[in-house]
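Look at the two complexes coming up: subunit A is in both, with subunit B in one and subunit C in the other.
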Partner chain A sequence: MKLFISLLAVLVLIILPLILVANGGDSIRYLFGVIVPYVGIAVFLFGIIYRVLHWARSPVPFRIVTTCGQQRSLPWIKSSKLENPHTIWGVLGRMLLEVLCFRSLFRNTKVELHEGPKLAYGADKWLWAAGLAFHWSLLIIFLRHFKYFAEPVPYFVTVIQNLDGFFQVGLPILYITDIIVVVALTYIFLRRVFVPQVRYISLPADYFALFLLLGITISGIVVRYFFKTDIVGVKELGTGLLSFHPVVPASIGVSFFIHLFLVSCLLMYFPFSKLMHMGGVFLSPTRNLVNNSRAKRHINPWNYPVKVHTYEEYEDEFREVMRAAGLPLEKE
Partner chain B sequence: MRDKGRIIIGLVIFLILITFPVWYNVARGKAGYVPQLEKPATVKQCVRDTSFMKAHHMDLLDEWRDRVVRKGEVMDIDMAGKPVEMSLTRTCLGCHHNREAFCNRCHSYMDVSPYCWDCHVDPKETK
Partner chain C sequence: MAEKILPPEELGRVDYSPPKKSWMDPKVEFRKGTFNYGAVPSSTSYLDLPFSRKWQPTDDDWQLPDNWKEIILNGLKDRLKKYRSLKVFMDICVRCGACADKCHFYIGSGDPKNMPVLRAELLRSVYRNDFTTAGKLLGKLAGGRKLTKEIIKEWFYYFYQCTECRRCSVFCPYGIDTAEITMMGRELLNLLGLDIDWITTPAANCFRTGNHLGIQPHGFKDSVEFAVDDLEEITGIRVEAPINKKGAEVLFIVPSADYFGDPHYFGFLGYLALLHEIGLDYTFSTFASEGGNFGLFHSAEMMKRLNAKMYMEAKRLGVKWILGGECGHMWRVIHQYMDTVNGPADFLEVPVSPITGTRFEHAASTKMIHIAEFTADLIKHGKLNLDKSRNDQWRVTFHDSCNPARAMGLLEEPRFILNSVCNHFYEMPENTIREQTFCCGSGAGLGTDENFEMRMRGGLPRANAVKYVQEQHDVNMLCCICAIDKATLPPLMDYWVPGIQVGALHELVGNALVMKGEKERVTDMRSNPLPGKEVTVDA
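Entry: the complex of A and B
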């Protein structure tokens, strides 16, 4: 049920531009080509700023030292510099490995109940592998798209694109990431459907994010390989949008508008969804804190000085009433 | 302790990176550039419809390549129903003489670099 609601939502997002742009006039094209993308970009940027500033207000009173490594203490006790860093460089290392290699996910285990009954824990690297493949492909695809927004095309974009099309399969050349991203997303989706425990905790938002991303990647593939349009016009639109002189060339076809609309929806959805883990991962307290509690005193900012009401003061305040009620008093 | 300062620095770095195309275009000042292609002077019509050529010329070339190399055919029919030889150098460059001012100008705008010219010759270049 949750799955079908999300699927239906994404299908509506696909059908909407399909029907409207195919039958509408110039004003509809302007709406889907200029206004919706601008709204998407604005909501994305301001949403992210809002969310991150909101997070930044949280106090960080103490260090979390219960990570899986020996904390630094006496010089002859070997400490774990990466698991339990006591310098900012150690934290940087831990953070980089987390963000670039998903180290926490690498430790993912699965629990199985065997006959006996025997409980067994085993390594489960599939989610890690699919997650890594998906995120890296998405980054490469994202960077490749800079060619539609920047003129002249920056050198690093050309390099990435040539590496991505390294095997020179087909014409136009097939990008390897186009395949990896769809396969990885499909795996992540199927895992959600077929692993009972994961399905049990899945919400519509979990499926929606996956369907939206699948919709975007597949519609992009469709524009590039199947229902091609005038890509030169697409670049005119892209550079026009980002230099604030938007134009919508008449030669751009509907297939591209579907792609663009799904991306605009993602931009609007992003800051208010679980996808904000893009920024959140940098704020994980078990990853980003220097564990120097033994070397440095950390003072809690919010309860110092604390206003207290001691028992002595309490007794002073209520002595007469308490005596009248016959309660024992410490001071007569 | 609050980490406000560091978080805001991180946020600013993110915003600078994500808006890269905007300030890159401002710095380079070429955002409004659209390649001006040198169209053939004597003929008015390509081998297919212009809008088809814009989106699908690589498909046509792919089809021609397969038909010549794998099926041994030589001629195709153009828009006007006239036979044309399926040749990259002789046909395409036969009308679009100046590859630099046509194919390449558009390709460098779109950041495509077909590897065809590793083998195929552009008569202009060999001169």
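Entry: the complex of A and C
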């Protein structure tokens, strides 16, 4: 049910430009080619900034590092600089490992309960591998797309593109990331559907994000390899958008508008969804703090006085028994 | 063991297939053995907690105040403003499920709401419904749930089925820490007077007498003197154990179970022997006669209220620094909270070991070090004469307590000590130790008799790892550095892995420590005969 609602929502997002652009005039093409993408980009940028600032407005009252290695204590005990950082450099390394390599997910294990009972733990790297493959492919694909926005094509884009098309198969040359991204997304989707526990915890939003991303990648592949659209026209649109002199060349086909509309939808959806984990991971207090709370005082901005029980009150209550037990007293 | 419980073979058959009904249905059944009793009014009122009343989770009517909904939503709003952790963790979970089978309660119960992700979703769904635009517009479709009394009951059940062990947060790709969620959930429940007795009564005791057990000053003195007598019998040496002594160099704070519980007590004897042997100028305090802090399991405010005594007493006694005993959650408080909430401790000095001269720079601000750090330093500098063979009766494995492992990183110090004081030390499988250690299943205030079944379920992964080393290496001693562990692991072992004793790290130190002028030892700290010293009785 949750799955079908999400699928339906994404199908609507595909059909919308399909019908409207195919039957509409220039103003519709302008809407889907210029207005919607601009709105998407604006919502994305301002949305992300808003969300990050919104999070950052709340303070970090306590230094709640999750330590995943030896602390720094005695000089002869080797401390774990990355898993339990005691310097800002260590934190930087930890965050880089987390963001670039998904360090924590790499630890993933799978538990099996056998008769006895007997528990066994095995490494389970599939989610990590699929997650990493998907995110890196998406990043590379994103960077590759710069060629549609800049003339001359930046050097780094050419390099990435050449590496991605290294095998030089097919015409147009097949990009490896195009395959990887679809395979990885499909794995993540199937896992959500077929692992009973994961299906149980899934919300419509979880499926929606996957369908939307699959829709974007597949429509992108369709535009590139099958219903080829006029690349020169697309580049004209891209550079036009970037230089704020947008034009929508007549040569651009409907299939491209579907791709562009889905991307715009993703941009608008992003800041208000779980996809904000991209920004949130940087603000996670269990990962981004130095574990030095005994060496250096951490300040809680809302620390307030509380009602405590003082020694004087304590002695007042127990003075007689303390005296009888021969314990020293403040007030005889 | 107060409640009837299934035999281990049956309890160990866990069904992980999720139920038909959606998790959004909040209905829970308060089944005997799987929940904790409500707090007694005398304790809640002593601590000035709101809506103090006689109440039990099995009651149909929980006598919530009329404006309960407003209280919860305002409480949540307030906490979102105060804690970035909560705000971020409410928003960024992608429900990948990597945390699911990392929770000992999920592994032991198969209840999907014990997956950390769903435990958080119980709160998150209400957050989405009332605090996000999508939730306000789309409701259930956006994963929102309208707050109901049923949800309050569900929260109570599941937020007291989490031991705040933080194992899931090690595996979460965004470091989402369920302990934070559980803490917030419990604070919200407390606003409605829904406290549990096993947390609130010890906290009330602690506020009044300085320790959870409610031991009054003369009782404390008796306990310590009793220990001094016992130690004299074992070693032939009468040690001094000063109490409330002004001007001592060091204030020594231990969890109260150390001087009142078994097997904690044998570790307490070890402390006394060690501190006498090195001649440390220290004092106990009757006012700060508790290192542990059940306030942590209640609310940040209660944690702060109870922990305030440490610095207050250090100041009154005029000590230079503080030494802390073996206790898990106590060290979460000391390491991650104390300086922030009760500091600055600018009237104390950076801890320096008067025996080795080591300056403990890593505690330069809190001025408090862990006894495992202190002892490891002594051993490294060759200040202790240790006879490992006096622990030959033990084949030892080490249980990393959740908080020293995952909220501190105290991993090597106890291992170094163990390798120095005993000949037979074996590690449990790597997925069950160090930062991946499994909770005893009874932490965070859940170690009650009425909760026995759930404790055995939650303790299954830990017990199973012990069973492994029992089978592989004939291990017979589970060593640990946590007072809750020492109290709750023995019944856990009896249930799942009979034949395992639980002991303190400093019990083993006490056994191995050769004291100047001691008599020939014939027994260990438990007053059991040492290997080769058994008295043979002629038939």
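The rule is simple: the second predicted complex is superposed on the first by the 300 of 332 C-alpha atoms of A that agree within 3 Å, B and C clash if a C-alpha of one lies under 4 Å from a C-alpha of the other, contacts with A are read in each partner's own complex, and residues count from 1 in each chain.
Keep this in mind: contacts are C-beta pairs under 8 Å (C-beta built on N, C-alpha and C of every residue); 3 or more make two chains touch, one makes a residue touch a chain.
Please read all numbers here as calculations on a predicted model, not as lab measurements.
When the two structures are aligned on the shared chain, A:60 is found in touch with subunit B and with subunit C. Looking at the shared chain after the overlay, A:283 reaches both subunit B and subunit C.
In the superposition on chain A, contact of A:49 is made with subunit B only, not with subunit C.
Residue contacts after overlaying the shared chain place A:298 against subunit B and subunit C alike. In the superposition on chain A, contact of A:239 is made with subunit B only, not with subunit C. Residue by residue along subunit A, subunit B and subunit C are tallied for touches, and C comes out ahead. When both complexes are overlaid on chain A, the residue A:108 reaches subunit C alone and has no touch with subunit B. Once the two complexes are overlaid on the shared chain, A:7 sits clear of subunit B and of subunit C alike.
Residue contacts after overlaying the shared chain place A:20 against neither subunit B nor subunit C.
When the two structures are aligned on the shared chain, A:311 is found in touch with subunit C, with no touch to subunit B.
In the superposition on the C-alpha atoms of chain A, the part of subunit A touched by subunit B in one complex and by subunit C in the other spans residues 55-61, 283, 298-299.
Residues 1-4, 7-8, 10-11, 14-15, 18, 20-22, 24-26, 28, 30-35, 51, 54-56, 58-59, 61-62, 106, 108-113, 115 of subunit B are the ones touching subunit A in the complex.
Residues 5, 51, 54-74, 76-80, 83-84, 86, 98, 102, 104-105, 107-111, 113, 115-119, 121, 127, 131, 195-206, 272-274, 276-277, 280-281, 283-287, 291-300, 302-303, 306-311, 314-315, 317-318, 321-322, 324-328, 330 of subunit A are the ones touching subunit C in the complex. Residue ranges on subunit C touching subunit A, taken from their complex, read 8-9, 12-14, 16-18, 23, 48, 80-89, 91-98, 100-102, 107, 112, 115, 117-118, 121, 132-134, 141-143, 166, 169-177, 180, 207-210, 216-218, 221-222, 243-246, 286-287, 300-301, 304-305, 308-309, 312-313, 316, 334-337, 339-341, 343-344, 358, 360-366, 368, 373, 376-377, 380, 405-413, 416, 429, 431-432, 434-436, 460-461, 464-465, 467. Of all residues in subunit A, those touching subunit B in their complex are 45, 48-49, 52-53, 55-61, 146-147, 149-154, 157-158, 161-162, 168, 170-172, 228-232, 235-236, 239-240, 242-243, 245, 251, 253, 279, 282-283, 298-299, 301.
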